[in-house]
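Next come two complexes built around subunit A: one with subunit B, the other with subunit C.
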Partner chain A sequence: MATVAPAKKKNVRINGCVAAAQAAKYADVDVITAYPIRPYTATMMALAQMVANGELDAEYIVADSEHSQLSIAHGASSSGARVFTGSSGVGVQFAYELYSPISGSRMPVQMMIADRTLDPPGDFGSEHTDALSTRDMGWLMGWSCDAQEAFDNHLMAYRIGEDPRVLLPQMVCQDGFFVSHITTDCELPDSGQVKEFLPPYKHPYPLDPRHPVSHGPQIMPEQGPPLQLERARAMEGAVPVIEDVHDEFARIFGRRYDPWVEEFMTDGADVVFFMQGGHAVTARHAIRHMRQRGANVGLVRLRTIRPYPTDRVMQSLSKFKVVGVVETNMGLGSVSSGGSLYAEACAALYESDTRPLVLSFMAGMGGEAIVLKEFYWMTQKMLDAQKRGAIEKRTHWVGFEE
Partner chain B sequence: MSTKGTHIPDWLQVPFAGITPAPSQKKGQDLFPTGNWRSIRPVYRDKMPPCNNACGTNEKIQGYLDLVKRGKYLDAYALIKEDMPFPSVTGRVCYHPCEQACNRGSHDEAISIRAVERFLGDLGQALPKDVVKAGPPNGRKVAVVGSGPAGHSAAYQLARLGYEVTIFEKSPKAGGLNRGGIPDWVLPQEILDREIERLVELGITIKTNTEVGKDVSWDDLKKNYDACILAVGLTEPNSARAEGENKDGVHYGLPFLRDIGMGTSTVKLGPRVAVIGGGNTAIDCAREAFRQGAQEVTMITVEGNTSEMPAVPEDLHDMLEEGIELMHGLAMTAVKGNGKVDALELHPARFTGAINASPIAIDREAPAVNFPVDQVIIAVGQHASLKWLPDEFKTPRGTIAVDGFGRLGKTNFFAAGDIVQLGSGQPLMVVNAVGDGKRVAFNVDRVLTGETLEPRMIPVDVITDLKRMNMTYFPHFPRVKQEMLEPASRRRTQAEVIQAYSEEQAVEEANRCFSCGTCNACDNCYLVCPEPCIIRADRSNGLYKILVDYCKGCRVCIEECPTGCLEGVPELDFDTGVVRMDTAFAITQGLHGRQATQLRELPNLPPKDIENWK
Partner chain C sequence: MATPVEIQRQMLPMLGSPNQGARFYNPDLPETEPFVPGHRTCAGCGPSIQYRITSKASGDNTILVGPTGCMYVANSSYLCTPYNVPWAHTQIGSAGSFTAGVAAAYEAMIRKGKWKGPYPNIICEAGDGSASDIGLASISGALYRDHDCLIICYDNEQYANTGIQASSRTPYGGMTTFSPPGPMVPEAKKLFPKDLARMMAAGHPHCYVATASVGYPIDLMNKVRKGLNHKGAAYMMVYTPCQKGFVYETPRSIDLGRLVVECGLYPIWEWDPHTREYDYSFRPDTMRPVADYLKLQGRFGHLHAEHIATLQQFANQQWRMMNIEVPEALVRAADPSAHVNMATAEAAAAIAHTV
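== the complex of A and B ==
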């Protein structure tokens, strides 16, 4: 809680990992718990450097595994500290036990995720399955698509998660490599702006020997349901907070994000991509090209998946004839036999009077890039479905079909 | 919004994220009774420590050692006085069966219990007023015949119960064996005098120079008293059954000591004295002989070696230190001399049965040993003089016939002490007589108040196995030795041989006590319980409680109980305090609690009501 060297607003070129580390520094975190795993490692390295250089006064704890890393984060947060941690891929999975306890005890721990494909085999590439598999554990969750957005999302996530009406942990996700390791322009704010935006963290019942309380005691079975209801209320209660915080962020920093979905060239669009994360940057290029060639294609990028903006997704996607979900995650044996985002999209659309056709594209698997050519191919599939008035099949494996 | 319109009823309101006040020692963890996880319940169950059990009068030895440890000397003295009227006496003379039984003996060295008892007894002697008071008078009169250990103890307990007690003592001074059988250098007379004074302070009348059968008759006792306790002891010395025992210079152990004790002795010992016998009285006689002027004292025993002798090892050791010679495996067959002894005839001999009171086989064919002496003191046991007793109450072995409660038939006469215990298998010693006197006094009380007599309680669980305690808590620590006078200087004086403990020594020695099987409020359980499942109102035996609603039965307290007082008892053995699944949920009035209540009421509801039942 002590010292962030006063900083003037400046433009830098940094990658997503460094942007996350910078955000933690600006948030003046008290405790950092770390355990190396690529690509997240670059964030912990950057933070280690900041602490070593005296730029950031924080406890920097290198754990013996991700499980310990998250356990320490839990404990540190319980004592009232602002905590920053992070991981990737199987590291995210190894800490799985802690996700529900942390949100259940309402500790606003922040975790940076730089996605990494789950084993096997060892693969550094980005796939969202690592973080998405924890999506129902009570953490606020969303994807950034570049370093600037990552920086901004980290700051906003602290503000949202630490709000007394919410008190929930946050996963701030970015694609490994595509965001985490590609440098992009990023504006770092004036420290005074951050001070105005993000008040110091204060948990209502921290662990304090002077005022002893029991965290996580055993309860009777009948006391479980009300606690689960409270957690559900907190997750839903986060919705207006998220909206307020985005407004507040725009006021102070001058960058306005739609908290739920980014619509790109959707005016007059018949078919749209529905996706999260860094591949949206490629999608935007592809869409511009295809628009010039007369295809009415657009992009709806989901920015926050937990809490899931069901009504907003329905409202947005109902405007189109065909929706192509770009998964970048594995949902083996799931609704679409492809990824899990399809089910989220379809469920939101179920009550719509003007349901579009929905396709699922398995693209970017194993962390492979989704190249322009593939976006064109996917657009063609959507246009075919529009013409036909029916889908050919629910899921297409991009790159493996004619 | 799925949570829209939800509300949590009052009875299910939980603190934010279940965060609750810290578990308290009073209530434990407040939210969830975990007692139904338990299959083993820790139970504080005090066992009988072996010392208490071995003590003839069952002094609460562990109890007073614990009090001494904490500096509560007066409480300790009061506790000892429950069972023992004269700790200052037994603190000097007792053959301490407690120390033989002490579990510490198999660890390093037994606790010097007698020395601590003496420390407390002397403290009591110094009090201007004793802590013990006579009970409110109940108008009943009891006569006690004999003022030895058994009579003293019986009279003391009866006075505490409110009886008007009269002691008849045939000697000029009260004290019986305490005075007549124990030399001054073991028990100074003024110590005993003070204890006799304490009896008088309790309102007891002591009539000395009053002999039953001569000055007071059986019928007098029967007529004038509600009950009578005969504690006349064994006053008559046994003969060695040797030829010529009637010669001058032949003395008998007990009268020899008694006359010295009463100050009426006329014995002048020559330079060479032999003592016949291998028991404790013989040892006292031999050591007294030095103090009465003898130059060479020889003890002649039938026993083949010292370990067979029915004597306390340390007394034997102290005797040998003083320079007394021992001759084993010999019996005196004749006292030689013309009118006065000048030599003894000795023949090889051995016991044919068990040691002590068994037939002696004397090899009269073997060449006799001629052992020149100036005097011989025969100390081979005592018997009673019971001419005054109606024949129906005499046993063939010359003792008084009593039932299991010390009662003579259906009469209100009772008997206690050596006069009952001789030949019963019970070793004859002061503390056993005291215990017998105490128990008989309580039996008298029961008979006179119309209560049923209860057989003597046999302790169920005497803790003798060190494995039942946690020995890691007891580092080896040597016994605090009592100072003693040097053998060369002490053997010519009546000065007390064994010296008293200082306060520091008494505390140090009491600190060595394991408190076998008995809670001594060490607080270990309270500290090691991983959850606050143990509460105590105060650090005191009996005030520790297990919160059975919360205790999960992890056994940590049981394993870490140094004394072995905490036991794990299978939960199936209990029908109270059991936290079962339904009661676990029913402890607070929640959903399951309500359901449990409703289910209990279900059989009482008529069927059609059940259809509408919510």
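== the complex of A and C ==
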């Protein structure tokens, strides 16, 4: 096989799907497992071509279902290989059985999610419900808002998940189409930088005939609590590792992210949007515009939802008068009868002495773009609540009300 | 990319006297015991006998994958494991896929110089519920993609671990808790078993496929070794009686493993991926009527004469599929008038009511 020279740093224009594929290539993954479903498929198409071109030496397995995809990933990670997989929408759900076994056996499998609305009906649009529904299964999870951040998050997630103090799988999520299929500027690093940042994967107890171990034996009920506690501690233990890895990333690559929340124009803000993912890019434009018109609005974008940065969210959101949660997910019959992010925000604020009013906005549902005028409308609702000192109602379905 | 490392594959030698060795000392038998005592399977458990024989044949350079089933729940107990080789549980529907992941990992890691040593023997031990029902697609995927591994269906013809429920491998007439006999369904299980091994051979002709029985342990060991020596995917379906579900006297597991073959209900054959032909050269010592096998098991204790005749017709078809001429006595046994109802048959009565 031809030897490919180490990549030099270069600027490219790629979409979120290709950025994820590039990250997997830079991470020198050993096993890739694919099954087609839009929109994440483009990631696997890119990787298939890299393997075919000899740019990446990896086993590329076309699985027979998403359930098999995740099982293959589980088996390969258990054997000591660095693994990359992914899915969208109902595909994420089809593999649901495997999420707990993979985190429970502490295998740092990485999964790329390009969100897609769940059925019914068949809708290609993006909603975060697919990945969010798995949020309590012991996977590290967060959303990227553009291709560069997706690339960076994929690399950081490997480093965090494979850390011996963590050993947890990672879902690196991006909005279908809004991030996955929109081309933006992206800097690809020098492979030497990646080598410095990301050490080779070494699981402490792989399936290796020279050192026999048994993975996942049957337990008695009384043996369950300590194992669950271990997994909970791993999730908590990931917090300082995530912070260290973000610092290390900034040192080597020169791009610094707050690991938990991005605050945009929050200085002097009375009302803020609280949201995840690609719609935040539109929100930033809307906020700049509304600031010029005198509205004190800002943005708090959640970058990591598992482990959930409770204290950071409380500290951040407590500074404001009104918080508008932009859901982009379905929480049918939930606390707010809207999305599930509302409950996450409110729970973090419960212990705060200065609790803001909280609204839930059902926007971007079914993969609709959240357009500027909808951000203006939502801002007005928040300003009205601020003026009134009370909310009109918990949940607003944007586009269905005056 | 670095120059790929060539993968070293070990070849395991064949053992002597394939058909007849069971009751005699065989000097070729490996001493290694990758599956050791200390598990919690029932006395006389067919699957665990099979597990021991199989892992002895594959040796210490082995990785075992155990989808949910008896051989997961009863074998592995946290803080106590009967495996001297690496073993991993996987989900019941993940038999082929998890195993494929292990195989792919070793292909990649050895090739990329990340792991040094000969390619391990990768064996998946799936029960018939996993292999014929919920994990069928995952196993088909692994065979189709030709990962270098051996997938074994240890066939106890039911979901035994969950308390004896019908699977696609449960025979016609077999009583289980999901297929009980009653006035409306006197024969209990109405459907004939899925012809799983032939389905795998027909659908994945590039694979080594074989059937075996714990009644013929040397034959079983040699087939395991052939499957492992075959570069690519191999599949075996092995008859492993379950005394709890079949309801028989515990010491008779190996006897049943022979009787089921002798009465034609479990055809023993190999599929040669090179010639693309079945090899039917394995012949039991004798051919018997199915009643000889049925009457030892409580799960058939409810059968009427016509049901026994139906099973004899099925057995005769199996013989003919192997190009074996059916003796006149067995042709006659396919007629209901040749039988009496099981419940009134003296031989069955003692066992039939113990379920």
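The rule is simple: the second predicted complex is superposed on the first by the 397 of 402 C-alpha atoms of A that agree within 3 Å, B and C clash if a C-alpha of one lies under 4 Å from a C-alpha of the other, contacts with A are read in each partner's own complex, and residues count from 1 in each chain.
Keep in mind that, in the parts below, a residue touches a chain if its C-beta (ideal position, glycine included) is under 8 Å from a C-beta of that chain, and two chains touch if they have at least 3 such contacts.
Everything quoted here is computed from the prediction, not taken from an experiment.
Participant: Fit or clash for subunit B plus subunit C once both are placed on subunit A?
Facilitator: Clash: subunit B and subunit C overlap once superposed on subunit A.
Participant: Just to be sure I read the superposition right, which of the two partners does A:Asp30 touch: subunit B = first, subunit C = second, or both, or neither?
Facilitator: Once the two structures are laid over each other on A, A:Asp30 reaches subunit C alone.
Participant: Quick one: is A:His67 in contact with subunit B, with subunit C, with both, or with neither? Answer first, second, both or neither.
Facilitator: A:His67: touches subunit C, not subunit B.
Participant: Counting only touches as set out at the top, which of subunit B and subunit C does A:Pro221 meet: first, second, both, neither?
Facilitator: So A:Pro221 only meets subunit B here.
Participant: Of the partners subunit B and subunit C, which touch A:Glu402 in the superposed model: first, second, both, neither?
Facilitator: Neither partner.
Participant: Of the partners subunit B and subunit C, which touch A:Asp267 in the superposed model: first, second, both, neither?
Facilitator: Neither subunit B nor subunit C is touched by A:Asp267.
Participant: In the overlay, work out which of subunit B or subunit C sits against more residues of subunit A.
Facilitator: Larger number of subunit A residues touched: C.
Participant: Pick one for A:Pro212: touches subunit B only (first), subunit C only (second), both, or neither.
Facilitator: In the superposition, A:Pro212 contacts both subunit B and subunit C.
Participant: A:Gly75 in the overlay: touching subunit B, subunit C, both, or neither? Say first, second, both or neither.
Facilitator: second
Participant: For A:Pro204, using the defined touch cut-off, is the partner it touches subunit B, subunit C, both, or neither? Pick first, second, both or neither.
Facilitator: Only subunit B is touched by A:Pro204; subunit C is not.
Participant: Of the candidate stretches 469-477, 487-495, 577-585 or 595-603, which in subunit B collides with subunit C after aligning the structures?
Facilitator: The one stretch of subunit B in steric conflict with subunit C is 469-477.
Participant: State which residues of subunit A lie in both footprints, the one left by subunit B and the one left by subunit C.
Facilitator: 105, 212-220, 223
Participant: Where on subunit B does subunit A make contact in their complex?
Facilitator: So the residues of subunit B in touch with subunit A come to 1-3, 6, 8, 12-14, 16-23, 29-34, 584-585, 588, 590-593.
Participant: For the complex, which residues does subunit C have touching subunit A?
Facilitator: Against subunit A, the touching part of subunit C is residues 1-4, 60-63, 65, 72-73, 76-79, 81, 83-91, 93-94, 96-102, 104-109, 111-112, 114-115, 117, 120, 137-138, 140-141, 144-145.
Participant: Under the touch definition given earlier, write down the residues of subunit A that touch subunit C in their complex.
Facilitator: 1-4, 30-31, 33, 54-59, 61-65, 67-69, 71-81, 83, 97-98, 101, 105, 200, 207-220, 223
Participant: Mind listing the subunit A positions that touch subunit B in their complex?
Facilitator: 104-106, 167, 204-205, 212-223, 225-227, 229-230, 232-233, 236
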